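Paired with chain B in one complex and with chain C in the other, chain A is shared by the two complexes that follow.
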Partner chain A sequence: MSDIATTGASPPAASVTRSGPAPRHRLWRLTHGAGLIFGLYVLLYALYAYQQPRALDAYAIAALVNNTAPLALAAAGQTLVVLSRGFDLSIAGVISLTNVVLAVYPLDGPGGALVSLLVCLAIGGVVGAVNGWLVAYLRLQSIAATLATMIICQGIALVILNAPGGAVSDWIADELTARLGSVVPVSGLVVATVVGLWLLVRRSDYGVALYAIGADEPAAALSGVNVRRTRFITFVGAGMLYGLAGLMLSAQTATGNPNSGTPLLLLSFAAVALGGTSLSGGRGGLFASVMGAATLTLLQKVLFSSGVSSFYTGLFQGVVLIVAVVFSGLLSRIGERK
Partner chain B sequence: MTVMNENPIAQAGFQQSADTRRSARVSAETVSTLAVAALCVVLLVGARFISPSLGSWSQVETVLVLGSFLVVLSFGQGLVILTGGLDLSLPAVATLSGILATNWVGASDPGAWCLLPVVLLACGCVGFLSAAGIVWLKVPPFIMTLAMSIIVSSLLLGYTKGTPRGAAPDAAVALMKGHLLGLPAPVLFLVGFVLLGWLFQSRSVYGRYLYAIGTNVEAARIAGAPVTAMRILPYVISALSAGFAGLMLVGYSSGATLRMGDSYLLPSIAAVVIGGSSILGGRGTFLGTVGGAILLTTLGTIISAIGLEFGLRTIIEGAIVLVALLLLREELFQKLGSLWR
Partner chain C sequence: MTDAKGRPGTGERHPLSREMRAAGLSKSYGATVALEHADIALKAGEVHALLGENGAGKSTLVRIFTGAVIPDRGEMQLHGEPYAPRSILEARRREVATAFQELSLVPNLSVAQNFLLPALAGAGSPLISRRHVLARGADILARHGLGRIDPAACVGDLPLAERQRIEIARAIENAGRVLILDEPTASLAETDWLFEQIAKARARGVAILYISHRLAEVREICTSATVLRNGRSIGTVGLGSASDGDIFEMMVGHRVEHARRPARVAGAARAPRLAAEDLAGHGLRGVSLQLGEGEILGVAALEGQGQRGLFRLLAGLQTPTGGVIRVDGRAAAYRSPRAALRCGSGISYLPEERKTEGILAGLSAATNVVLPFLPRVGRAGFIGRHDEAKAAQPSADEVALNPRYLAFAIGDLSGGNQQKALMARTLATGARTLLLFDPTRGVDVGTKESIYAAIRAFAERGGSVLFYSSELPEIVQLADRCLVLYGGQVFRELEGDDIAEQKLVAAMIGHGSRAATGHVPAPAAPAHAHAAAESAR
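Showing the complex of A and B:
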């Protein structure tokens, strides 16, 4: 658990590029790490387990993790872009596109699944590279450039499949939602792998550069960070994560829908914000966003088991989002004052 | 924020004494507005070559009527963006007003139009709540309006139990379907709205305050601008204009759906950006935004008239947004370049 508190906090090297920030207080680090959101998740889970005693068995946990995985991966990708002080709307387009490709061109068997995985990563990577080129090299505003690529991806998805339909290959639909040794959900392993990779990347030169350009781009450039390349890599990495999210979503729905990515667009920002990542860049972390996504999904389950009509899920999601952001803001202000 | 303070182009809007720079800025904006307007005309006339039914006066009327929703919506969005924010709750608020107008006010009672201001008031309250969260609770605009959007949509879902019913009030239908002096009423309304919007944003003291705040909040505060009120105002106006657009939409289509506003969020941002505004705030004009909105609508109607399948049309629309952005890049490039020096 010790690394949870530090997962989201920016690495010390990033602060070198800022002009004399206040010393990072422990509480400050905690609030901008995943501590707060992790605590909220545990509380919510306790409530869920109290309402539904079966919530603790392997089947229920696997179902919850399966539901969480697509949003968690999408939010993980969005976090990278937000850390670099950008917004990525192409998330909806990439997820829809990969979902449609998987449903229209199903490849069976484990070999087929591997090819599908590579195709998803490639689609995300290519869209991400276009975004990165537009934003990093042509200097378009990220929200505007990714808006355009999102619309184009949605269009391509509609050309491939103009109405919900198709079937994802059985192997993907079965195995990616299964449990290893009837305990560990495969989707959870996928998310854990991404978080594990992130922990390595965060310590790398790229990770430090990412936080640095998000915190203060001119200062980062002056201290020798290759801003363009860092931003380009960020969009490519984010795109690949959206591709992976599309794969996990397809495994779960087992069918294709040209608009399947749209609901994840705003929810990915909600998950990032709930995780305490600053939307003005440079502060936060990927694991916190994964927990944010998990909290949003769990909240849905808790409300359902409390007998609240599913109509009002959004009401609670919105209120939790505002309260979490206000609370984390308050804590960080207290932390900075000390 | 410190980055924005160093931006000489944006500051010129606030320094009234810097006469030469200010006039240069205004003329640059006028040029880009005229360029967008000229592009619309070229497209409409050029469309004749694609299909003889295009480029006619009736098609111009269609574009203006369809574009009026987007113009009204992007007026509010433009004001919010001008102060450095972003309003993601526009679709939800437009749907709120549409649902209230059909399900609550309805078409049965001719005197029911008196209730339409109440509908707009409800929308204004949503905008005020967003602004309150942003100004007093210090929630980032992006998050606050996103949360409000999710909350309002969910309440509407609960209120209608998933199936909206009722018909559009007569007053809304009259506004969108009526004719006056041989012109469609929405076209006349659009002209009036654009004029008022332009007067507000570019010629009134409130509009100038918004530019000042979008450029540099602290400088605006020191200069004596009522900063708190002026940070709340754009969100209230934005919600009111979204509410009005919702009434126009139900008047035009005679009914409301729970997703009626959804397809207008991204175009409302695109219209503002294509119109030459900076998404960072402090720069842009309403006339530019109007041009952007009409341009998007013109392209949309031409593309749908060609009869391509929906997916290809979507791809072309996206490509057009991209091309428009790339054409505006020189300006952006200069602006970003100035941040380095």
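Showing the complex of A and C:
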């Protein structure tokens, strides 16, 4: 009865006074998600450029982007799974596996690189399909299922290459770390392509379903969303992104290491959290995670150029992570009060 | 009839066969029988009520109709063709849709997106056009008299009542043949809008299944009713010929006596156990009240008039921005429910949201009951296997909770038994003041009677009860005194025989002069009321 006044007399013309929260200012939205982390990155880059005037050279930028790309792609994949309210540990296994495959079976020339790319995507896709099958259809908890596939992949990687060694094909190692027209880094283009694809996916039915099942799976199911298929596709897509991350990592290190994916495991979660994606699902975005990964990498560079011992890098990364999460929490609370 | 190809739109729509029939439906989960044998027939253009206690199998039946659950046995027919949906989408394709009690809206999506789930993109393009989605959403809203809602608003930001209306509008939109409304008024304070939409759907020839615990509402809109008890359909009656007593008897299996609590001595003589002076904040604008020993004080209000804030402030969940709370005559400043429980003679709170604020679904009912005083249950810090059940027993008896259920995980119990267990917990704390927020929300008649009896017995023993109810008959039956909140203030106070539904309704909509001191609040616009409800949450 609280709205006798409106239900009694609400011709369609009265739709001017709509209930619901007032639309927030456009500028205000910049403080959320990608906007916040983007601002942090720019700030950090300014600091870096201040310390190292050469940081603005095309060469330095390309080197930074090359360093960023593997973690950015891994975090992008992790974001998909986290948005669907899951965790994916197989990230470490897939990256290690693709890395040793590329180092032990190098395929030369652009044709070989294309085949290598397809092999990496296939490895990631198959592992993702297994994860998806275990989680979506057998209803295993995602941490348990992906922990198992991670261990299996690490095991296979050790079988293929039991100690660091091997050599990635020259074409991959050279061209994927090069600059187009001596300005645009190729690795940056790869990441940009992924972000561009994401912007399209986000506007598809699958994209909406992904956010829906992350926020409230029973409600999404009752709304007619095919929860299983959405979850399955998510793991497959994430796996393929890890495969791509493995390729970019191999291009950079040019060698094989059966444990190369391990450091990226926890950093991928840090990048996702830093990008403001909620670890309980349904909120956030892929681009923000890519920026989160870029920030973590840049932080390493800044600390290195400030002469801070690399032993302290982890400490600083942790502190930045906590500060960023607390800060974005504060901002969104202020936003709600507005 | 036996043509298995049956697609919607094809086939003859013979006037006689325009109905949905279900015969001998049953469904069990392991050893638990959710539905034993249900027969029901819904005619096009008719509103049919489904009545039954919680746990009688109503939800299972709804889920079977919607395709969310596949029955073990039994068959269904829709417009003369076999109907056996295996998914929600299949049911939707056959033009059967449900507005669920627990709401099936995704909170982080916009209103328009929720309307169009799971296929927003439309034919011909894999990409979603935001403009197109919003236009379609606005169109659906306008067609169901909800033009005031912004189709771009995030569902999670809307008040509960609006969400329920959106859920109902979406179901109506998808229901060409059968519309199922499961407790559609659980969060709606008024029924005008709903009944208008139902009338429109009826006129289109939609068969409507209406599930509600509010018999007055059912009588107003339905023509016939099917009663379920313990998973079996007991029978179908015409509502014109059956009395309330007949229906209760079918539901419960025995007659329910309705008696108003005998008049009691006026509260002035008793010492106030809980008193509030000029409380402000969280939707309140200066509320004073006194609750005496052995007194049952009711609170009546429309949605979002500050009642939620009042209870949460008194329970210690939120802190007031102004005013004083006195317990046993002494000023009290507690900042948590735990502190409130230990303050003076103790204050115990029964929260509104059973699922999110009340139960711990994975633990047993006994554990849920004894949780507030767990340290007292164990011996030397350890809790034996039967200690919890033994400690929970007395208060479980008080609310007539079957002791068999104490060992079950509370999440597996029916809503009514969950509520009984929570009520038992509230009593078992030993607090002398109870704050009960809508203690019988969405529970069946039998459970209601048990809870009423427990509240009365508690007051007889000298306990004090402050309760809010969205159902006026409950206040009329139980309360010694009643406060009507309006616009965050006490608009009127009624006592004894003055507590009658007509007077309550008049005061709730701000009609008549205010009894208490202070200025008359301006009639709150709905947007404000909702905002207050939202901020109080």
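Keep this in mind: the second predicted complex is superposed on the first by the 306 of 338 C-alpha atoms of A that agree within 3 Å, B and C clash if a C-alpha of one lies under 4 Å from a C-alpha of the other, contacts with A are read in each partner's own complex, and residues count from 1 in each chain.
Rule of thumb we're sticking to: contacts are C-beta pairs under 8 Å (C-beta built on N, C-alpha and C of every residue); 3 or more make two chains touch, one makes a residue touch a chain.
What you are looking at is a predicted structure, and each value in this text was computed from that prediction instead of being measured.
When the two structures are aligned on the shared chain, A:226 is found in touch with chain C, with no touch to chain B.
Contact with chain B, but none with chain C, is seen for A:156 once the two complexes are overlaid on the shared chain. Using the contact criterion defined above for the overlaid structures, shared-chain residue A:218 touches chain B and also reaches chain C. Within the superposed three-chain model, A:140 lies in touch with chain B and out of touch with chain C [touch as defined at top]. When the two complexes are overlaid on their common chain A, residue A:326 makes contact with chain B while staying clear of chain C. Shared-chain residue A:266: touches chain B; no touch with chain C. Of the two partner chains placed by superposition, A:248 touches none, neither chain B nor chain C. In the superposition on chain A, the residues of chain A contacted by chain B and by chain C overlap at 218, 221. On the chain C side of its complex with chain A, the touching residues are 66, 68, 87-89, 92, 100, 102-109, 111, 113-114, 117-121, 126-128, 130, 138, 142, 145, 147-150, 152-154, 156-159, 161-162, 189-190, 192-193, 302-305, 508-509, 523-527, 529-530. The touching residues of chain B, counted against chain A in their complex, run 3, 86, 88, 133, 137-140, 142-144, 146-151, 153-155, 157-158, 161-162, 266, 269-270, 273, 278-280, 309-319, 321-322, 325-326, 329, 332-333, 336, 339-340. Those residues of chain A whose C-beta lies close enough to touch chain C in the complex are 1-8, 10-12, 14-15, 17-21, 23, 200, 203-205, 207-209, 211-212, 214-216, 218-226, 282-283.
Residue ranges of chain A in contact with chain B, taken from their complex: 87, 89, 134, 138-141, 143-145, 147-160, 162, 217-218, 221, 258, 266, 269-270, 273, 279-280, 309, 311-315, 317-319, 321-322, 325-326, 329.
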